[in-house]
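Labels for the chains are A, B, C, D and E, by order of writing; each one numbers its residues from 1.
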Amino acid sequence: KSKPSAITVFHAGSLTVPLQKIISMYPDKAVEIRLEGSGSVEAVRKITELGKRADILASADYRLIPKMMYPKYADWYVIFATNEIVLTYTNKSKYASEINEKNWPDIIMKGDVKLGFSDPNKDPCGYRSVITLLLSSKYYNKPLDQLLMNETNIKVKGMEAWVPDPIEIKGKGIVIRPKSVELLSLLEAGVLDYAFEYKSVAVQHRLKYMQLPPEINMGSPALAKVYSKVKVHIFSGSEKEKVLTGAPIAYGLTVTKVAENREQALKFIRFLLTKGLDVFKETGQPPVRPPLAYGNIPSEIKDVVKVNP
Amino acid sequence: MIQGFAALALLLISFIVVPLASLLLGTSSQEIVKYGLDSEALYALYIGISASIIATVLLIISGVPLAYLLTRRDFKGRDLIKALVDLPFVIPHGVAGIALLVAFNSRTPLGFILSNLGMKLEDSFWGIVSVMAFVSVPLMVDALIDGFSGVDTDLEHVARGLGASESETFWRITLPLASRSLVTGSLLSWARGMSEVGALLIVAYYPKSINVLIMERFWTYGLQVAKATAIPLLVISLTTFVLIRRFSGRR
Amino acid sequence: MIELRDLCVDLGEFKLDEINLSVKKGEYIVIMGPSGAGKTLLLQTILGIVKPRKGRVIIDGRNATELPPEKRNLSYVPQNYALFPHMTVYDNIAFGLRIRGYKDLEIFSNVREVSEIMGIKYLLQRKPSKLSGGEQQRVALARALVVEPRALLLDEPLSALDKVIKSELQRFLKKIHSKIGFTAIHVTHDFLEASYLADRMAIMYDGKIVRAGTLDDIITYPRDRRVARFVGGENIYHGKIIGTKGGLTRVKIGELELFSIYNGRDETLVMIRPEDVYVHGKMGSMSAQNIFRGIVEEIEYRNSAYLVTFNVKGVLLRSVVTKQALEELSIAKGKKFTLSVKAAAVRIISS
Amino acid sequence: MIQGFAALALLLISFIVVPLASLLLGTSSQEIVKYGLDSEALYALYIGISASIIATVLLIISGVPLAYLLTRRDFKGRDLIKALVDLPFVIPHGVAGIALLVAFNSRTPLGFILSNLGMKLEDSFWGIVSVMAFVSVPLMVDALIDGFSGVDTDLEHVARGLGASESETFWRITLPLASRSLVTGSLLSWARGMSEVGALLIVAYYPKSINVLIMERFWTYGLQVAKATAIPLLVISLTTFVLIRRFSGRR
Amino acid sequence: MIELRDLCVDLGEFKLDEINLSVKKGEYIVIMGPSGAGKTLLLQTILGIVKPRKGRVIIDGRNATELPPEKRNLSYVPQNYALFPHMTVYDNIAFGLRIRGYKDLEIFSNVREVSEIMGIKYLLQRKPSKLSGGEQQRVALARALVVEPRALLLDEPLSALDKVIKSELQRFLKKIHSKIGFTAIHVTHDFLEASYLADRMAIMYDGKIVRAGTLDDIITYPRDRRVARFVGGENIYHGKIIGTKGGLTRVKIGELELFSIYNGRDETLVMIRPEDVYVHGKMGSMSAQNIFRGIVEEIEYRNSAYLVTFNVKGVLLRSVVTKQALEELSIAKGKKFTLSVKAAAVRIISS
């Protein structure tokens, strides 16, 4: 039997660094807090399909909790931090010395430059990269949508994109991996010049990155309306087709119904949602203050969040 | 003794069979047709099987000479080379992928030459082959070293006395007598290549090989679909193993 | 022609020591010697499997010491047969022909012919693991002979065979040798085999060739106690030279005094071959220089004849006697007979 | 022939050495001390090494009997069992983890009993051991099958004629004569276990074994940190391989 | 006691056919027969390695057909030695003692003793791969003997040894056999060895035991052409019984008419052992019923004696002659002599 004073956190890989920091700050050292990072969907599936137990689930996309875990494995969630899309690169990247906030669309469209993003069908960062491209093609008035159409089998019409499954590469300018972190090795190996990543990843990997304007980086809850103009159809052409609408990037967490140590878990979350929130700023994941809570919120944390219907 | 042995053996067999069975149970034939035999899965199966076969063939071509030299010639650094050969087996698969990528990607001088010869590493069939070969090297070479060491050198001497050169002796005597090890080494190399995912995700996500597809479908659609996708692979593998075991058992 | 010059081989605790031997083209040499004398090792050195520490192997006038085995053109029948386990008997025998690029039809007729002679035709489709010991040995011999080698190294090639097949194959070896005239070095423990086949013999002891020569030469002048014992000397004694008389050497074995035509000094070995001890019923005209009386101690059947041991003044002297003589002279345990040995048959071995 | 062989062998060696070298180059000793030898890495190294050793020992204990029976006894379904034993090798590593978890997680009846015996599968040391053993089964069993097949049964017969029972014969004759295969099988099993990540991520992320840590650090902090973390593992493995090869080569 | 009843073994194309043999406790049986006759297979069946299709193996009165080899208590020296390659010579020899739980000290002294006798003491620390053929054979023999077995199966145990060691070991086998009285089944191709060691012999042909009995019995009444050839019959002929006269059978070989004390009918085989053909210098009193003249065709040295071939009315008759007789009678090629053969020596073999 596991120690009653241990709590397990299944979390999105991008939360590893801030969570480690928060744990080091956590005053109750008797509690062992185990971090298990993976893709957000994997984290959920380990609980729902593989019968593993986790006390806390923290996802890079808060919407996964109601969609995949309600009602059997969870019935509430809290949005506590955000993230944004940036364009990462290295010193070895072509035109690294010239790039700036204005000319990056031209640079990534150059024939000898390789751009990477993750598979929109598999990874939220992927479809968000597509949204960013569509938003910027309008924002800069540059044919970035044509880049998608020429190099992949993604169809674009105005502010709407259709991503078939499987996604296919037609040209040589784009590289796709199932997870955004898998692009990093390509970037560090010099195979890729630029890649769309979460800002947190760029910060934690100490990569160079180009901050994108808030209108296109999905980091600002205030601009939710702007983002929502874009629609991406993933699994287009299959019965699994789903329409995703542009929305701010926000992390969500919950204590699962299979938790073995609910009490300690809630205590830790309470700490995370109060003193812990500062940490997320340093890691490139601006916190949401106060955190936004939805569903059947446990009383232990009700006072530190803003409860929404 | 035999009772005890049978008990332990049974334990090991159940340890393998129970998980495999619980994985396969509860999958309907409709699901298998729909997910395991759709065009994407069939293509991935084709990619996976052909890449792993090619990787195995390449390993035979280069591993047989290496193992022969390591057993029949005495030179400095022999033990070191034997140990180096085993190293790809101990590093995490993702790291193996990274290492290959760093060394041979098409922007390195070597990778540039190779990619101009049509053998680009990233996202290409040859990338898959390279990954599969890399992770299987120790299997092939170690099996062959054991095999060649087991061949009585008297037989080689007699053959040479009868006029056969070292090369004729190798082809007609040494290699055939090590054939059991060659079969085992090839079988394991092939299987090991087939099962690779971690390094493939880094080096060559495309063209998608069956094992990448299975894992991906698990992440995207969940267990049921992944199981259905995996079943044709398991059936093919099991049949292959049975046939090869039976065939090579006959010798 | 095979020539060994000052050949030295080190192998663990054992060594071959300054081996010198020259085998003429077409000559049939038989090597004998006790178990562990280094006979197999010598063949393997000639073959090129074992590398000498010193000395040279010269084949057909060329220094072959550094040549790889396949360049030496020596067919080999190893002591443990070393049949190729993954090939049928047919393919084993055909191996050398295939290497030489013979056509299938030629191979077929050659293999059939040699296997008929060896009496193994019924085995051609079997694998070596399904053969008896003697069958394996014949396959190994057939494999070496079928290539009509210029030189042949045979390591106890007939040891596992019964008398009938053995003498058939000895005859065959002799016939094919005189037909194609290969050079042969043949190791055996069978003295009969050696004396039937050998043009010349070499006796090995402890890594050295202690004696080489024709059969007659060695039997007559073994020159060495160990050689004497080897070539059938049942009667070997420590003796003492006590002088000469009438051109003959006087030698004393225990209480028995004998004349010999050979010379020697002081302590020495004396050998008398059992066929040289004659048994007489009654005193007749005897040309022998040594005549004495002996009592029958033991009679032993030995290969269609009898070995009779006589006690002569405490010295045990063995003699070969036929059944006819046994009957005609009524030889029986405890009876006394006159024995004679020629001075030429009392061999003095100083070494 | 030997020249050609040497060329091919060199090709294979470079194919292994170039990636490994390019992986290791450019890591400073400070980085190694900081990331490769910090307490988390050392603990993970300890977990990884001890779990893979235990897995290998368990495989020896159960694999030796299985391989013995498969070579020395003739029974129905023998070929099928041989093929089944190879199956864990061909399935994607993640799927292997899933299969183990589905079969033995502590909510299944069997897993419940085991977890009450202190051998819970999920996120436990025994879970790591199970995963490592599962993926290495074919290596151990196949190596041993080859080894036992190579032992001349005449020797066993003679031993039994001298009064040794089947079990005494096995321990004194058969197993010692197959020791080379046992060493190879164990070495490969150990290395294969060490390198596992995919299945561990699913079954037992905790306690964190070194390979999981390397991959995690790669995902979180990038290549440089991952490299530094991996170096002690590579050094230990290479040393082990060299020593074991040299030691077992002496026989 | 080992008893074989109606033993049938199938092995590929070969089979052992209805073998019946009973070896008494302490009896020393020697099996001879041509290569491929099934001798090794028979030993292996007794040992329990090969399973019979039919019949029973009874050991010490117990049906052992189904017993595993280690329960049969039979020490075995296989034809290929089968030394344990991973053990030193010492450990090989000690193996059986260790299994029996002997103490280290006892093992040590036992191993030393037997290896001294075998002449392999200097090899104790070597691995089998570093031994010569004959050394290996002696280790295998030592390994089987050191356990003082109740029964011993020997498959050509002395075939790779030189004459000197061979006869030493034959003497040793005889001595230790009479000391501890084990039951032995010994396969050999060496007739001398067989006649020295055997209480009884069995002759195998083609998977059958065609004759079993004492040496004398078999030599005198081979009962079968193949057996006759095997036990030293150099003179074997097709003959025709043409009647009787004075209680003797008249048999005709080609132009030669002989008397025999044996009976037979029509076409038959006739065997005359070469030691039974007597050569006479001048007509004296001869008790033999068959007297005729023959011309010397060939003289061959054979084991300290000579085999002389005479031509008698076109029939080739071989006779063993000593060197003494050769000299005294001046036997030489082309000369004519009187020969005699007793009626009791003309064996008629009907089968």
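Throughout what follows, a contact is a pair of C-beta atoms (placed from the backbone, for glycine too) under 8 Å apart; a residue touches a chain by one contact, two chains touch by 3 or more.
Worth saying up front: this structure is predicted, and the values here are computed from it rather than measured.
K.L.:
Between chain B and chain C, which partner chains are common?
P.N.:
Of all the chains present, none is in contact with both chain B and chain C.
K.L.:
Compare the CA centroid of chain E with every other chain's and tell me the farthest one.
P.N.:
Farthest by centroid: A.
K.L.:
Select, from all pairs of chains, the pair with the highest number of C-beta pairs in contact.
P.N.:
B-D
K.L.:
Among the chains, which has its CA centre at the largest distance from chain C's?
P.N.:
A
K.L.:
Would you mind pulling out the distance in Å between where the CA atoms of chain C average out and where those of chain E do?
P.N.:
Chain centres of chain C and chain E, defined by C-alpha means, are spaced 22 Å apart.
K.L.:
What is the distance, in whole Å, between the centres of chain A and chain C, each centre taken as the mean of its C-alpha atoms?
P.N.:
Measuring from centre to centre gives 91 Å for this pair.
K.L.:
Using Cα averages as centroids, what's the distance between chain A and chain D in whole Å?
P.N.:
Here the centre of chain D sits 36 Å away from the centre of chain A.
K.L.:
Just curious, how far off is chain E from chain B if you go by their C-alpha centres, in Å?
P.N.:
Taking the average C-alpha coordinate of chain B and of chain E, the gap between them is 58 Å.
K.L.:
Among the residues of chain B, which are close enough to touch at least two other chains?
P.N.:
Touching at least two other chains: 98, 102, 165-166, 218, 223.
K.L.:
Residue numbers in chain E touching 2 or more other chains?
P.N.:
80
K.L.:
For chain A, give me the residues that contact two or more of the other chains.
P.N.:
50, 185, 188-189, in rising order.
K.L.:
Pairwise, which chains touch?
P.N.:
A-B, A-D, B-C, B-D, C-E, D-E
K.L.:
Which of the residues in chain C end up touching chain E in this complex?
P.N.:
My answer: residues 11-13, 32-36, 38-41, 79-80, 119, 122, 126, 130-135, 137-138, 155-156, 159-166, 189, 191-192, 195, 229-230, 232, 234, 273-276, 278-279, 301-305, 320-325.
K.L.:
Using the touch definition up top, name the residues of chain A that touch chain B in the complex.
P.N.:
39, 41-42, 45, 49-50, 121-122, 166, 168-169, 175-179, 182, 185-186, 188-191, 240
K.L.:
Which residues, counting only chain B, touch chain A once they are in their complex?
P.N.:
Spelled out, the residues of chain B in touch with chain A are 40, 97-98, 101-102, 105-108, 122-123, 201-202, 205-206, 208, 216, 218-223.
K.L.:
Spell out the part of chain A that touches chain D in their complex, as residue ranges.
P.N.:
1-2, 8, 13, 16-17, 34, 36-38, 46, 50-53, 181, 184-185, 188-189, 204-207
K.L.:
Spell out the residues on chain D that touch chain B in their complex, using ranges where they run on.
P.N.:
1-2, 4-6, 8-9, 11-13, 15-23, 59, 61-63, 65-66, 68-69, 79-96, 98-100, 102-104, 110, 133-134, 137-139, 141-143, 145-147, 149-150, 165-167, 170, 180-181, 184, 187-188, 191-192, 194-195, 197-198, 211-212, 214-215, 218, 223, 226, 230, 233-234, 237-238, 241-242, 245-246, 249
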